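Each of the next two complexes has chain A plus one more chain, namely chain B in the first and chain C in the second.
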Partner chain A sequence: MAGPKASSTAARPASSSSAGDSSAIQSLWRTYNDTTPSRLKLVDCFLVFLMLSGIAQFLYCILVTNFPFNAFLAGFGSCVGQFVLTASLRAQVNPENRAEFKEVSPERAFADFALGSIVLHFFVFNFLG
Partner chain B sequence: MRSLSYCLSLLLAAAAQASSLSIQNGRVTVSSSDATQLSSEQLSLDPGSLPSLSLGPTDTLKLTFQVVEKDGGKGVQPHQTFLRFEADGEEGVQPVRVTSGGKAKFELDGPKVDLGVVLRRPNHMFRDWRFQDILNNMARPPVSLPPTSTSPVKVSLLLGSYKHSPASLDLFTVSVPASVPAPADPFAPLPEITHTFRPEQKVPPKFISAVFSAIVLAPWVVLLGLWSTLRYSVPHLFSPHVIPFVSSLAAFEGLLLWYWIDLKLGQVLLYGALLGMVTLLTGKQALGAAGDWRVGKKQS
Partner chain C sequence: MFRIWRVLLLVLSLAILSYARSSTGSSVLVVLDPSLSKDNYSIFFKGLEEQGYELTFRAPKDVAPAIIQDGIASFAHVILFTPETKTYAKDITPQSLVDLLSQNTNVILALGSKQTPLTSLASEFSLILPPPGTPLISHFPERDTPATVIPIPVSSSSPALTSGLAPVWYSGIPFALGNNPLLVPFLNAPAESFAADTTEDSGADALVDAAEKGGEGLWAGKDMSVVTGFQTVDGGRVLFVGGVELFNDEFAKKEVTKGVRSGNAQFAREMAAWTFQESLVLRIDDSAHHKVNETEPRDKYTTNDRIVYTTHISKYNPATNAWEPFSGLTDVQLEFTMLDPHIRTALPPVPSKPGEYSVTFRVPDRHGVFKFVVDYKRKGWTHLHSSTTVPVVPPRHDEYPRFLSAAWPYYVGAISTSAGFVLFSVLWLAGDDRDQRKKKGVKAE
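Let's look at the complex of A and B:
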């Protein structure tokens, strides 16, 4: 089920734009698929997930109601905060950025990520009401 | 003692030779707000025929007289001079300044308020008036003027002096607009204060809630689907080095869930500190092992 979904999200912008753009996007997608380590793809999937669920909650707040506003804050804030933490984890463990994070080993980055996530989740559960 | 009796005899002598005081050239004038003279009366001091005047809300009453000795006709400045207003058994006195020649002048402004408006309003409508509003809306009559109804105010002059016998002279009567009646019971309970609150926020219909629940949960399907397509293997996840760390992280999330359901803040901080120490140890072990694997993989 997820396979066609992923391919359709990738193909949709390509089919709607002109030939040059579509080939550029296709080559970008191909390069991403070929050269990105699969553990970074794992992180990228999680980032997409966070983005989608944040957007869904925000749409609910705009279109329907923000009634349990603390719950909205908790859900949306956890999405945004987790996205930021995960993005920084991805930046630190990316082998291409090894030169910029010489002192930070991937293990250290993951420890930071775990600590930051636990603190974030503590605040989020405080907001949940 | 001797001096006291001397003084007393002197006073008695003074009283014996005292002549009484009177006024002359007394005139009372009522003029309207645009200085038109409405009525003017000579004060005759005849108790049978006192002049009677009428003072409107915007009118001004002006009283002039000269205090003189009754027999000599010489102007005298009494030590005390008061105008006394009496109406319906209530009275008020107003000191009057008299020159050394005995001349005196007194003005009384009518209460500058549309008493009709005031009287027609129900009493409680004044409760939300600020004090400044009331002051702006009525120039109050002098406090010496007693509360009046429809009956006229009797005005008399009180003269006191060491050298003359005291005098009380009826001058005139004046009709003034009726005072605002005092509220029947000033301590009566006010109407109950009712508060209005914002209406309770409503939960949207069940259908919309269900649809958006599905939309919010849909990214989980995306996530799991994408991860399943990656087929990334985690060979070390269940190794004895790593599993304590992962389970302590899971315990942290469980603790936070428990905090949401039941625990108090102090409890969760205590348990979190204990679990944090455990997680520190297991994390050091697990990430150290992971580092070793990474370095070993690199070297090999």
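Let's look at the complex of A and C:
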């Protein structure tokens, strides 16, 4: 569904490229809203939150202080680790990837995700100091 | 009646003075050249005997008593008044004198204008002697003595000498000083003096020529020394005097100006006191260290601990023959070293406690085997050295500070991730049924 729209915007004259870009983003957003299952939207919300949290901690480390460094590693690492686990979950439960993860049911994927996250948080809080 | 009083007074003064001794011993060997008479130096020698020294005299060629017997020094101090002696008995060689110094024996050496074994020894102590036969000459100030007999004003820069000493009559050679830091110059030649082989006017042209070339090749000026001490690393002291006449009775009684006696007697006495380790003798009694708010030393310290280092320094008092606490040093330093000094700080005297020096400092943020080092080396004073080894370790795993305010963003980040995970899981599980139902409904349709 997104394919033909994208090609139609690309076919427009180059003179109004900025207007074309904005409309491309708008159509991308609309398509995302329309076609993405609500569970994947929930996953994406969490991913965005983790990304912002990680960026905030990284900026604080660079601009203010990296002391204590172990706390930075734990906080930043928890964001990155959680992001990777959540992204994996999203890949495995996405209906479009069902062909690729035939033997992994969504329940199994979530159980993997939950176990991995718990182990991650165990290490993070040990390391946080 | 008058005689009895005099004897009583003498006994009393002897009783007071007999305690005044060196910190290393009271036996003195005087090696006296046969050409010199003991009686001509009676003021100097009597002064030493009244101080409590036991003088033993011998000629350079006498076999007994030996200065070193079976490798051990026989006397605490040796005076060599042999400026012109070229041959000695077997036991007196430059090497044996160096051996003496390394055994903490003190030596007074009188040099002369002739080439002797002692002049070659002097060059080993960074003294550069002029060519043989060139005594110190000065035509100033105007006086009735020969040009080689010079009154030299005493500069009171050294704490070994009393300030305000009258000028000293001197006759002998000067010497230039090398850059050895162990040398302690006591008496420098006057600025107008120079070393020359003749006092006749016939040699004056050569002197004028040399002076016009900026003093090239001329032994002249106040940078030359005539009395210089040398303190070895082990603490032995040796005094080089360019002319033995400095010590004799004639110069001691001679007037510098009308009515003012020369300072020779007192100068010689104070030089002997320095050389025989009576004056400017220090020692470190003990040193201790502990953490602030504790009293006992620890086996090891942690990085960033605050430590108190305390040391006690004593000075020898020849008047009472005892070591007394000494708080007069203001430039003592403490170093906390691991290869390099990581901390070098002043070690000031504690005002209320005599002889105590103390400083509080923070251990550097570096672990390893450290040393407290007090290394006090000043010209003329005994060298002080104290070294205490102590390990410095990093904090134990439970000694690090926790919940630092700077780390709160990271704590909030980690906690919010966990909370987000819980919230996400709840929403996921809650949304699960609805989604499936929707899917089922879609499928059913």
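Please note the rule applied: the second predicted complex is superposed on the first by the 112 of 129 C-alpha atoms of A that agree within 3 Å, B and C clash if a C-alpha of one lies under 4 Å from a C-alpha of the other, contacts with A are read in each partner's own complex, and residues count from 1 in each chain.
Everything below uses one rule, namely that contacts are C-beta pairs under 8 Å (C-beta built on N, C-alpha and C of every residue); 3 or more make two chains touch, one makes a residue touch a chain.
Remember, predicted model here, so these are calculated numbers, not experimental data.
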Fit or clash between chain C and chain B when superposed on chain A: clash
Touched partner set for A:Ala71, first chain B, second chain C, both or neither: second
Touching partner for A:Ser38 - first (chain B), second (chain C), both, neither: both
Contacts of A:Gln82 with chain B and chain C, given as first, second, both or neither: second
Which superposed partner A:Ser105 touches (first chain B, second chain C, both, neither): first
First (chain B), second (chain C), both or neither touched by A:Phe49: both
On chain A, the residue positions that both chain B and chain C contact, one per complex: 38-39, 42, 46, 49-50, 53, 56-57, 60, 64-65, 67, 75, 110, 114, 121, 125, 128
In the complex, chain B residues that touch chain A: 201-204, 208, 212, 215-216, 218-230, 232, 249, 252-253, 256-257, 259-260, 268, 272, 283, 287-288, 290-291, 294
Complex interface listing, chain A residues touching chain C: 37-39, 42-43, 46, 49-50, 53-54, 56-57, 60, 64-65, 67-68, 71-72, 74-76, 78-79, 82, 86, 110, 114, 117, 121, 124-125, 128-129
Chain A to chain B touching residues, read off their complex: 1-3, 5-6, 38-39, 41-42, 45-46, 48-50, 52-53, 56-57, 59-60, 64-65, 67, 75, 105-108, 110-111, 114, 118, 121-122, 125, 128
Touch list for chain C against partner chain A, complex: 400, 402, 404, 406-407, 409-414, 416-418, 420-421, 424-425, 427-428, 431-432, 435
